[in-house]
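As written, the chain order gives the labels A, B, C and D, with residue 1 at the start of each chain.
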Amino acid sequence: MNIPDYTIAMVVAIPLLGAFLTPLVSKINDKIRNIFVILVLALNAGLVFLLASEILTKGIKTYIFGAKDLTFPIVRILFEVDAMSIFMAIISSILVLIAVIYSWAFMKENTGLDKYYTLILLLTAGMLGMVLTGDMFNFFVFLEISSIASCALIAFWTDVGESVEAGFKYIVISSMGALFVLFAVALLYGQYNALNIALLSNLIQYTFLDKIALVLLIIALAMKAGIVPMHMWLPDSYGSAPSSVTVILVSATLASLYGVLRVIFTLYGNALSTLIRFDISVNVLIGWFIVALAVISIIIGVTMALIQSDFNRLIAYGAVAEIGYMFLGIGAGIVALGTAYGKIALNGGIFHIMNDALDVALLFLVAGSIYYATRETSLDKLCGLARNMKYTTVFFIIGLLAIAGMPPLNGFASKILIYESTFQINPILAIVAILCSILLLAVFVKVFFSAFMGPKISKYSDVKEVPKSMLISMGIIASIIVFIGLFPDIIISNIVEPASNALIGYSEYVSQVVGGL
Amino acid sequence: MIYNIPYIAVAALILLGLYALIFKRNLIKMVIGITLIESGVNLFLITLGYRKDSIAPIYTSSPGGTMAFPVPQALTLTSIVIGVAVLALMLSLVVHIYRHYATLDVSKIRRLKE
Amino acid sequence: MSEMSKIVRTISNIAFPFSMIYGLYVIAHGHLTPGGGFQGGAIVASACAMILVAFGSKWTITKIKEKRLSVFESLGAIGFIVLALLGLIFGVAFFSNFLAGSKYLFGTIPPMGSGLANIDTGGVLPLMNFAVGLKVIAGLFVIVLVMAYATTSFKEAKK
Amino acid sequence: MLNRNIAAVIVFTVVAVFFVFSALLMHPFGIPEESDMDDYIIDNTQEETGANNGVTSVVFDYRGFDTLGEATVLFTAVAGVIMIFRRLKNE
């Protein structure tokens, strides 16, 4: 069943058109605006799944903006979608759809909601554009759109001092990162007079300037992905943003992580195997750099999560630890690029991107529903909520077991791949990873007993369950998590495997553009 | 032949901006620092597209001769408007931070972690 | 902020039409002379900001509500993306220049090489220039207006 | 506060080295190494897009999608500023 060629462009154009129409639609009334936004996102998710079925069966598709075929000096902008980018697009579109359904009831009494939904649609367009584009400068433009939109969304509750300060910190760090990305793109353009990722990957001879551009790109994109030395913005912005916004922020952060992967595997693909002094090849160097950062971020994430008393900040530090697991899997995959267990590590890393996005999203939705019910996020004051909020407690247990990597659920399926492969590289890595995963379980069990169990105190005796739409969205994520946990090999064989093949087999990505001329 | 003086000016601008961003305490000075880095990167983009004694790539009553590159100029246009957008957002956040904490000093604002 | 003296207000009244026309000229001739939607829009927005500074934000906000300005801005943005979609329907692909070389509105091809060209060249470019120009005028003016009006209301709240 | 300053100085010098080296190693000003993409645009911008102004033909036709992203950036910034300065219920 082949779909028209322009669906790739429509995947980004529809959220943009929806965002431009929302201010006009919201002039009618609020309910029609909410329905309009959910319809736009549902249509967009449908298109992404249609495109995914097309890509996973027929391989890479490209789409040129403004012309039918490719002239030799690639002048126009090119969208190039392979299994890895469609994998990230699936995660982003699911999470945004669920976040908007959740925020229907969660955001009812706030003002300025038409701007809120406009910014959510713009953030979706920014993320999908970042993930699907095949042009370096276009990647920078969409990176900037998603960072400005998410900064404004973080500072949504302007009467709370922390969220405005978190928004400012976020925009300073992400505009710094975006400027480094622009400088690196300018460096590459200055040398090779080309902006297309596939063409650049073909032209790069790994001169000293290319090394500077590589370092700048990795530092800037890892900074926006929340790696340890530059992770200070993550707990502040996840902690003080509305929970439905934080769910979308998780997928925005993963889009920057995708940027790191695209730069290392595709842009510098054939430079990875060049030998530098005393015959270490480049990928071993980069791999160990990422693995080291990953281990530090796991340790810092878990230890900081132990001492937090605010629910949102605790989950945010858990998310930092989970991003550390992703980078651990990917870094191990880069170190052992050619070998079998390197492939398993990469599979584990990429699979963990999907699993962790869903787990952290579910936990933030639970935190949001607790905030909705009790207007309180600090754990010391919460007590005995299990009696009245039955469903939320069940969802919290599912989220808790999943993020800690307990067997029946999806966290385990990807973490076992990471443990198994990192053990072959260096046993210490696997031991540290397992210990921190158990610590993470301890952190969330402490939260469970302090917030949900405990005596019934008068203040929360009349707490009632959250409205239906919030429960539905939490239920969707929980069912996806349980489904992936019970049948992981379905997901691995036909989504994760093609994605890691697409990353490693970068020459097919390049020949799709350069080969055709 | 002015060897690489424009690129040295670019490096100087960017380092000035970085100095203002990292070492200055006042919020407004940090925002100015980011704008400085922005203009440094824009200058770098523009100087990449210049050819020896070339004219602007516009054909209307042009004196003729080699033309400068049009693509970096288009990229710089986009980057300037992005700079304006980021600047507008940052300044509105600074106004709100001043309204909450009545100070622009970063060290005082970092709220005491209870 | 409060309004300025009488002299400043009359001078800005006189200067406003000229700078407005110059900005619109830069937008309209974007595909011939240096300029285009963004630059011309910025010129007109600075003319409007001059009026805002001269007459104070309270007077300006009574004259034009920010709601109507953000409607103009969405119209400009929708115009731009609809032109791109038309490229998909009539032309070859998303964002293709379906009017260049056709016998319709802006279709004629200018004489090759350096020389003068009349205004109806450039295909879809002038239309896109108008859409982006409208968007930039409304967008930049809304930013300046909202910031000016909000800071004055903060001062009242503080008093 | 001392170790914070030392860390800041280290970060500053490391990043400074990057920018100074890239300034020195870049191709000499005015003599670009390759220019096939821009020559293509300069040569046939007039018959492909019908515009005399090469930069506008790149901005709106060859790389028009960047300008759509560009307009979105401005639209996002305006929506963000209006949202930040909106009147909350309790004001």
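Observations on the model:
Just so we're on the same page, contacts are C-beta pairs under 8 Å (C-beta built on N, C-alpha and C of every residue); 3 or more make two chains touch, one makes a residue touch a chain.
This structure is a prediction, so every number in the text was calculated from the model and none was measured.
Across the two candidate interfaces, B-D and A-B, the one carrying more C-beta contacts is B-D. For this pair, chain B with chain D, the centres built from the Cα atoms lie 9 Å apart. Rounded to whole angstrom units, the spacing between the C-alpha centres of chain A and chain B is 28. Computed centre separation for the pair chain B/chain C is 23 angstrom, with centres defined by C-alpha atoms.
Residue positions of chain A touching 2 or more other chains: 16, 20, 65-66, 137, 141, 144, 148, 151-152, 155, 158, 164, 183, 190, 195. Shared contact sites, meaning residues of chain D that touch two or more other chains, fall at 19, 22, 26, 32, 35, 37-38, 41, 46, 52-53, 55, 57, 59, 61, 63-70, 72-78, 80-82, 84-85. For chain B, the set of residues that touch two or more other chains comprises 14, 48, 56, 58-60, 71, 75, 77-78, 81-82, 84-86, 88-89, 92-93, 96. Interchain contacts join each chain to each other chain, per the touch definition above. The part of chain B that touches chain A in the complex is made up of residues 14, 21, 27, 30, 34, 37-38, 41, 44-45, 48, 71-72, 75, 78-79, 82, 85-86, 89-90, 93-94, 96-97, 100-101, 109, 111, 114.
Residues of chain A that touch chain B in their complex: 137, 141, 144, 148, 151-152, 155, 158, 161-162, 164-165, 167-168, 171-172, 175-176, 178-179, 182-183, 186, 189-190, 195, 309.
Across the complex, chain C is touched by residues 46-53, 55-57, 59-61, 64-65, 67-68, 70-72, 74-75, 77-78, 81-82, 85, 91 of chain D. Looking at the complex, you find that chain A touches chain D at residues 16, 19-20, 65-66, 71-77, 109, 111-112, 115-116, 118-119, 122, 125-126, 129, 137-138, 141-142, 144-145, 148-149, 151-152, 155-156, 158-159, 164, 183, 187, 190-195, 207-209, 212, 215-216.
Those residues of chain D that touch chain B in the complex are listed here as 8, 11-12, 15-16, 19-20, 22-24, 26, 28-32, 35, 37-38, 41-42, 45-46, 52-55, 57-59, 63, 66-67, 69-70, 73-74, 76-78, 80-81, 84-85.
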